[in-house]
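All chains are identified by letter, namely A, B and C, in their written order; residue positions are counted from 1 within each chain.
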Amino acid sequence: MFEARLVSCAVFKKVLEAIKELLNEASFDCSESGIQLQAMDISHVSLVSLMLKSNGFDKYRCDRNITMGMNLASMSKIFKCANNDDTVTIKAQDDADIVTFMFESKKQEKISDYEMKLMNLDQEHLGIPETDFSCVIKMPSAEFARICRDLSQFGESLVISCTKEGVRFSTNGDIGNANIKIAQTSNFDKEEESVTIDLQEPVTLTFACQYLNHFTKATPLSPQVQLSMSDNVPLVVEYVIPDLGHIRYYLAPKIEEDEN
Amino acid sequence: MFEARLVSCAVFKKVLEAIKELLNEASFDCSESGIQLQAMDISHVSLVSLMLKSNGFDKYRCDRNITMGMNLASMSKIFKCANNDDTVTIKAQDDADIVTFMFESKKQEKISDYEMKLMNLDQEHLGIPETDFSCVIKMPSAEFARICRDLSQFGESLVISCTKEGVRFSTNGDIGNANIKIAQTSNFDKEEESVTIDLQEPVTLTFACQYLNHFTKATPLSPQVQLSMSDNVPLVVEYVIPDLGHIRYYLAPKIEEDEN
Amino acid sequence: MFEARLVSCAVFKKVLEAIKELLNEASFDCSESGIQLQAMDISHVSLVSLMLKSNGFDKYRCDRNITMGMNLASMSKIFKCANNDDTVTIKAQDDADIVTFMFESKKQEKISDYEMKLMNLDQEHLGIPETDFSCVIKMPSAEFARICRDLSQFGESLVISCTKEGVRFSTNGDIGNANIKIAQTSNFDKEEESVTIDLQEPVTLTFACQYLNHFTKATPLSPQVQLSMSDNVPLVVEYVIPDLGHIRYYLAPKIEEDEN
């Protein structure tokens, strides 16, 4: 028996939005410690890793480890039927071929349940090595999303250069070239708006805008995003899901002449 | 001479929105008692019946009964030119082939008139027998619209089951199945949000989602909707238009194995 | 060296919106007195004339007259990357083939610069004779935009008739015909909402709706629009850009039988 309950389903809706463009279907691995998902995107370029810890749920029970293969478009349709402040309960029997999503409205006058067929998906488990990064940038997630969206109008590749002064995002294309410089924040009025850089050594790497734009679909989950970079190692874009876990995206840098 | 005047044209705009998806054109029958419209939808499956009582208008004069055949898309274009708080006056000569819509702004600084050609439409008058229904449900119209919209994502048919405890809406399709239960309201804080069931005997009937979704275009007209059901008799979906009349939609149940 | 700086780039964004539907590319003539643009629209029917005076800028320097040919779609992409309250600085070297747009956020924590390639455009300078007009109408720009949009649903031509009582806009087409009358305002509570008519003699002229709708894209620039009309002379539609200049559109009347 598996059962997980969240008093507000808004966060689950946001998680779905954050992954459904990159993945058509996904295996959710449920264990005592929580719900985990790890998958390459459809085009096998980037990697998504999601962790929702069991102690972040309002109720959580997992008698036996189970893996539930779900179609994300179907799941998204179901969650669109729920209001943000509905309570959601996810239920499945051991070895079941269906999962049930139950939504209860605040005043309990409306109870909806959706039974969805599960899928058998190939499992490919990828070891992600722990790395010490040359630089770790924390910045407002909305600002990062805006920069990726704006600059992807001009070129397909985005160069991220990090020094101790700040971060420079740049691109160039047919129209001309574009540069956006973000300075490290000196005073900390609002932590959520701050830009902080933890630098071992300066790094300049080039990435495909398209994937960065997919990652920023996670923006509503967290006011800050963390970018971790080292030469010749995939970029990690991490959004902390408050009290519940995190979502991380991995993307290998492009090898290009315009990299520096 | 026919003349009908409403100080706020918002309600007329909403009436048009409520019928223009189901009907391309319609005959408005004007008499001393008011304006009436009755027509089968384009695909001849459901029936729309509209009544706007003469005493609900701010001014109303109808010397002789007239029937005005109007193209609803054209009429809708004309009403889109009016602001919600404009006064509307509908005018026609006896035996005229044009109707005039005049809109006056609140401060009278802007007066618009639109002359529209009338159409000769075949009249098919349908007797609607009065029926005692096995159950009559009153519920918030927005909730009904939401349920129809949500469940039509999953299947083409919607099963409505009514017992004295409440109403269950369900559907099933390729993804799985979906059930929404609405309980009868016990205390009446806000009448508009209440769910009340007048039950002679429990009923379970199946309807085509597509038409229910068309009917819910009337939602802005009224905070409550009334669903009247009996076995082997068309469902009646009624929206009361405050102080002015009502709009009713009739839809025969589907005969299906998944009906119970 | 050319440099022009505006503390808020909102007005520049609005100027671009006001011309980019009519022109694909345009020559901006920069001199000590300001930035000027004059061009026939793509279909060579109407004329656009823009003036941004140098003393309306927060900083303005123009050592030598230069003409910068710009692609307006590219320019619009660049300005979409700026926030309304960003400071914008436009810079170019004499005889340069690129122009730089620099945007600085309010708190200076984000600095973006976009280098855009300039184009060589054919220059066609058109003398616009000063005319005394038979009537000059000032009215709320949003009302004018609404009327043009509403009436263009019914016909391709818009007749504007001006007498000392007011202005009548009319059109007719397959559906029927439409008339909107606007009265001259008698009391002046809010100047922005007033309608004033300066009349030498009554005028009735017919114009293509399509172009009027393009002109009204300038509506956000100014709360009032001024329409100047005389027989056999192009209509002038003028929007004053507060403290900075103006944009004027010229459109010749149609010669039609339905003109009166």
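Couple of notes before you dig in:
Assume a contact is a pair of C-beta atoms (placed from the backbone, for glycine too) under 8 Å apart; a residue touches a chain by one contact, two chains touch by 3 or more.
All values derive from a computational prediction rather than experimental measurement.
Two copies of one chain, chain B and chain C, form a contact in which under half of the residue numbers belong to both partners. Between the two copies, chain A and chain C, the Cα superposition rotates by 120°, quoted to the nearest 5. For the pair chain B and chain C, the distance between C-alpha centroids works out to 44 Å. Shown for chain A are the residues in touch with two or more other chains, of which there are none. Across the complex, chain C meets chain B through its residues 143, 150-151, 153-154, 175-183, 185, 195. On chain B, the positions that touch chain C within their shared complex are 71, 74, 77-78, 80-81, 98, 108-117.
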